[in-house]
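See structure below.
In order of appearance the chains are A, B, C and D, and numbering begins at 1 in each one.
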Amino acid sequence: MMELGLIGLGKMGGNMRERIRRAGHTVIGYDRNPDLADVHSLQELVDKLEAPRVVWIMVPAGAATQSTIDELGELLSPGDTVVDGGNSRWTDDEKHAEELAAKSIGFVDCGVSGGVWGLENGYALMYGGDAENVAKVRPIFDALKPEGESGAVHAGKVGAGHFAKMVHNGIEYAMMQAYAEGWELLEAVDSVTDVREVLRSWQSGTVIRSWLLDLAVNALDADEHLTKIRGYAADSGEGRWTVEAAIDHAVPLPAITSALFARFASRQDDSPQMKMVAALRNQFGGHAVENTK
Amino acid sequence: MMELGLIGLGKMGGNMRERIRRAGHTVIGYDRNPDLADVHSLQELVDKLEAPRVVWIMVPAGAATQSTIDELGELLSPGDTVVDGGNSRWTDDEKHAEELAAKSIGFVDCGVSGGVWGLENGYALMYGGDAENVAKVRPIFDALKPEGESGAVHAGKVGAGHFAKMVHNGIEYAMMQAYAEGWELLEAVDSVTDVREVLRSWQSGTVIRSWLLDLAVNALDADEHLTKIRGYAADSGEGRWTVEAAIDHAVPLPAITSALFARFASRQDDSPQMKMVAALRNQFGGHAVENTK
Amino acid sequence: MMELGLIGLGKMGGNMRERIRRAGHTVIGYDRNPDLADVHSLQELVDKLEAPRVVWIMVPAGAATQSTIDELGELLSPGDTVVDGGNSRWTDDEKHAEELAAKSIGFVDCGVSGGVWGLENGYALMYGGDAENVAKVRPIFDALKPEGESGAVHAGKVGAGHFAKMVHNGIEYAMMQAYAEGWELLEAVDSVTDVREVLRSWQSGTVIRSWLLDLAVNALDADEHLTKIRGYAADSGEGRWTVEAAIDHAVPLPAITSALFARFASRQDDSPQMKMVAALRNQFGGHAVENTK
Amino acid sequence: MMELGLIGLGKMGGNMRERIRRAGHTVIGYDRNPDLADVHSLQELVDKLEAPRVVWIMVPAGAATQSTIDELGELLSPGDTVVDGGNSRWTDDEKHAEELAAKSIGFVDCGVSGGVWGLENGYALMYGGDAENVAKVRPIFDALKPEGESGAVHAGKVGAGHFAKMVHNGIEYAMMQAYAEGWELLEAVDSVTDVREVLRSWQSGTVIRSWLLDLAVNALDADEHLTKIRGYAADSGEGRWTVEAAIDHAVPLPAITSALFARFASRQDDSPQMKMVAALRNQFGGHAVENTK
């Protein structure tokens, strides 16, 4: 059993604290929201942990993660280890590792998947870093991961964890798009009279059975034709980064990119590019355009 | 100078009659609308032409073209020639040619491009059929085509004319999409302060100068940010047929197909597939969905 | 327990006979290959079955299925039922149903998924047709389907079964493409040192866990970097039909279509379209081209 | 008439020097290759120009441009102006402008299109920067640009010139892809017997006539079926940057991106992702794979 400092106790971090505690470890949690926190400052968190410490960061990627790492660099001691379990871009990890290494503090990046289901099912973990640093965190990884052989991987060097998680999310985008396209097509034809039951039937024996398919059936059970939901999909960064990484390595990524672009388009009230297409058709063919209201 | 029977005197056919007459030929035009027509029935049109006759059909593809060909099959004589200048699917041409050949009537299919600019600039023509039948129509082709060496082609066997025109339109879809994407991106950034003038500058000296670009500048001159036009684009069939033909021949067509799909999406008020993506994100991540109103 | 006539005893049909027999039903199988067959002609098969008969066709789509249906139309009696379990295009089903209905023979179309794993795991079934005809086949459906609640569906009218199976395969194309793109990207970067273990880790707890992912891990266990396999993928028709159906209904299908096009491109030794792109770059920029050998 | 310092006298810079001189201006050119150069060092170049100087950089983007700007920062005087006419990424321009502004040296970024045809036809120019700095370079812009009203534009702030040129190139990618796809499809069918003449015919009167189409016809006149050219297309960065900029602004760019990915794929001897697709088909369906040799 070990002690962990956990920073960020939101939807993800809060459930992770619970799962780690259930495994018998001690977790001291900090959050800006005092109602969620066990301690009231990073200083207090560090003070309460015995060296060598392991501190897991679970805050939003970007500025919040950066300032937390900066502050921990001031508060922690040589031999301590920091884990970034947030959705940081993999290109930030090398920078963070160097910043902390200058103070002899170890760094591990860790992509975490599992969402609201993680508390019960376990969290899938992809982590990167030196074997020595990874070893210090392993009991926590074991507590968080799902039961069984798979669900956690030491993917490679610093950055590899977030890279693997990013690619996971890229694949996720394309899989969601795949089911969504198929569902729309089924809904569009007259001969298929029970689309929801078709998807339900796919849950066993088919080539395309998956957990996402199970979720699709759940969603249709709640709202058979999704009439209450607007066709509007946000994106949280990993899909964009996946495409950018692919461009860096000259890897064609047509399915994943088409899923990303479909989300972009879903958020436009009126498509500028289709205005231009309509304008051009009008110019050469005299085709009528529809006017904005 | 020769005589031509012309069936269908709408936006395209009416201007074509005018251009052929300016070249000195005799045109007897028929249209269901008596205000446009020179004669009042196909029978009268056939009677007024001296054999061997050439009759050019310029009516909507599908049922209207089929019934016109059926009727001409009854009225015309062996040695006469029918030209289908409408937007028929190339797969119909072989059938039409056989139907008429059974009565020793010749058949030529002809794709016509030029839109509202054709009367002044000439019409681009792509035709298919036997050399013998094509030869009988050549004076009309010469009258319709633009001045200069290019602008008309005997593309191959029956069906080749409409096939070439269909591919022309497929390319057109992707070119329009290309300019539209670029324009939207320019409009999206702050540093580019005069997007319209950027497009205007491209009209000379650049790799992407084209007639479609000229039309884009015209459109922006009329409405600088296309605020009055809705991003809604119809499609008239040729884009779909191009993709279907590519699938038949296992030819990948990613740019043209993406342009077709962008048009489909532009006509959806709320995207069913993006409802499913939103529903799935909500299921696994607890991401909020936007509700329909 | 019931009797079934089964026509076509290849990789799929042979295993299906075995699974149906294990459930206690009587199967009389016919195949052109006498080593596989229980009877030596369709006549003999029909004679051995007691009316009202159920005959399941499991032969290649197209000509073979058509001629089998034609022959069964001659041999069967009013009240008998034919099931087409092959990969027929859904547009053929209506035609087949009418042909048989003229002789008072029922028709059910059934898409079957499960491949080489179906014998043990069960076959996923999607069928279409009148409730009356479906009811006659239900004991066979129950024998073939996987255990549990899902795995079989009465999707709708005649044609709906093959339509649902076709869409299933379209989704399958895009899912395979999604994993394939992600895997290629992981293989392309240096920081991820054990790509196979990353995929293995995804099998639990992740959003993208699925049966296809399990198969990907199996494939990597057999050949870690797939060095022995050429990047060449055939397609069996359903992907093409899915895109064509989407075009008919103006449904945008970017991810599925990109997967189909990637397969087309994988089968070209040298891409004609990229020859043209190279030629154009050379024309305007003096960029060197690579010559064919 | 004015004086210009021109750094970089390769394929582009050399012809530009010639065109500017033909317009009557004085050009002092420097190149690392002494056979091309008028002076033998940047120091000598700066010494020979009378203040306030205008120096135009025409060297490869990235390190070469950066070191040239660094060196000019040391050599030039307050009130001088630097133009970066290379293919720099627009995100570098702001940085360069600030670096030089710290020494009271002006900066203008300029995208240049025209390739090997520019000497005769003129170069299309898209430039960004303060009006004051742009004004100092205008006589050179006027000398380089094509005759007529279009062909040059002050696109906006610093960076806007390279941004506009980058988008130009993105559009160029998709247009080339569009023609290439259409050409491949025409070559694939039997009924079209003379594909080259079809493309030639499109040069007049069609919606898709363009300079790129003219070049396509040139290429086919040199090699009717492009049998000598390998389907292998490099990319020079602007296409990638265009997609990245679109991702930054959440603009869907399906046609341009598909063109970029087609180039990536064209450079792979064997597609890793299609190996995975083949492996998966083998896993679930027992479909044979092709082995690498």
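The criterion applied here is as follows: contacts are C-beta pairs under 8 Å (C-beta built on N, C-alpha and C of every residue); 3 or more make two chains touch, one makes a residue touch a chain.
In UniProt terms the chains read A, B, C, D = Decarboxylating 6-phosphogluconate dehydrogenase.
Not measured: the values here are computed from a predicted model.
A count of contacting C-beta pairs for A-D and for A-B identifies A-B as the more extensively joined pair. Looking across B-D, B-C or A-B, the pair that copies the C-D interface, with over half of its contact pairs the same by residue number, is A-B.
Computed from the mean C-alpha positions, the centre of chain A lies at a distance of 37 Å from the centre of chain D.
Spacing of chain A relative to chain C, judged by their CA centroids, is 33 angstrom.
Rounded to a whole number, the gap between the C-alpha centres of chain A and chain B is 47 angstrom. Counting partner chains per residue, chain B has residues 115, 177, 179, 181, 184, 188, 207, 212, 251-254, 258-259, 261-262, 265, 273, 284 touching two or more of them.
Contact topology of the protein chains: fully connected, every pair of chains touching.
Looking at the complex, you find that chain C touches chain B at residues 207, 240, 243-244, 247, 250-254, 257-258, 260-262, 264-265, 267, 273, 284. Here chain A touches chain C in the complex through residues 90, 113-115, 118, 121-126, 128, 145-160, 163-164, 167-172, 174-175, 177-179, 181-182, 184-186, 188-194, 197-198, 200-213, 242, 245-246, 249, 251-256, 258-259, 261-262, going by the rule given at the top.
Chain contact summary for the complex, chain C toward chain D: residues 11, 115-117, 176-177, 179-181, 183-184, 187-188, 212, 215-216, 218-219, 223, 226-234, 254, 258, 262-263, 265-266, 268, 270-287, 289-292.
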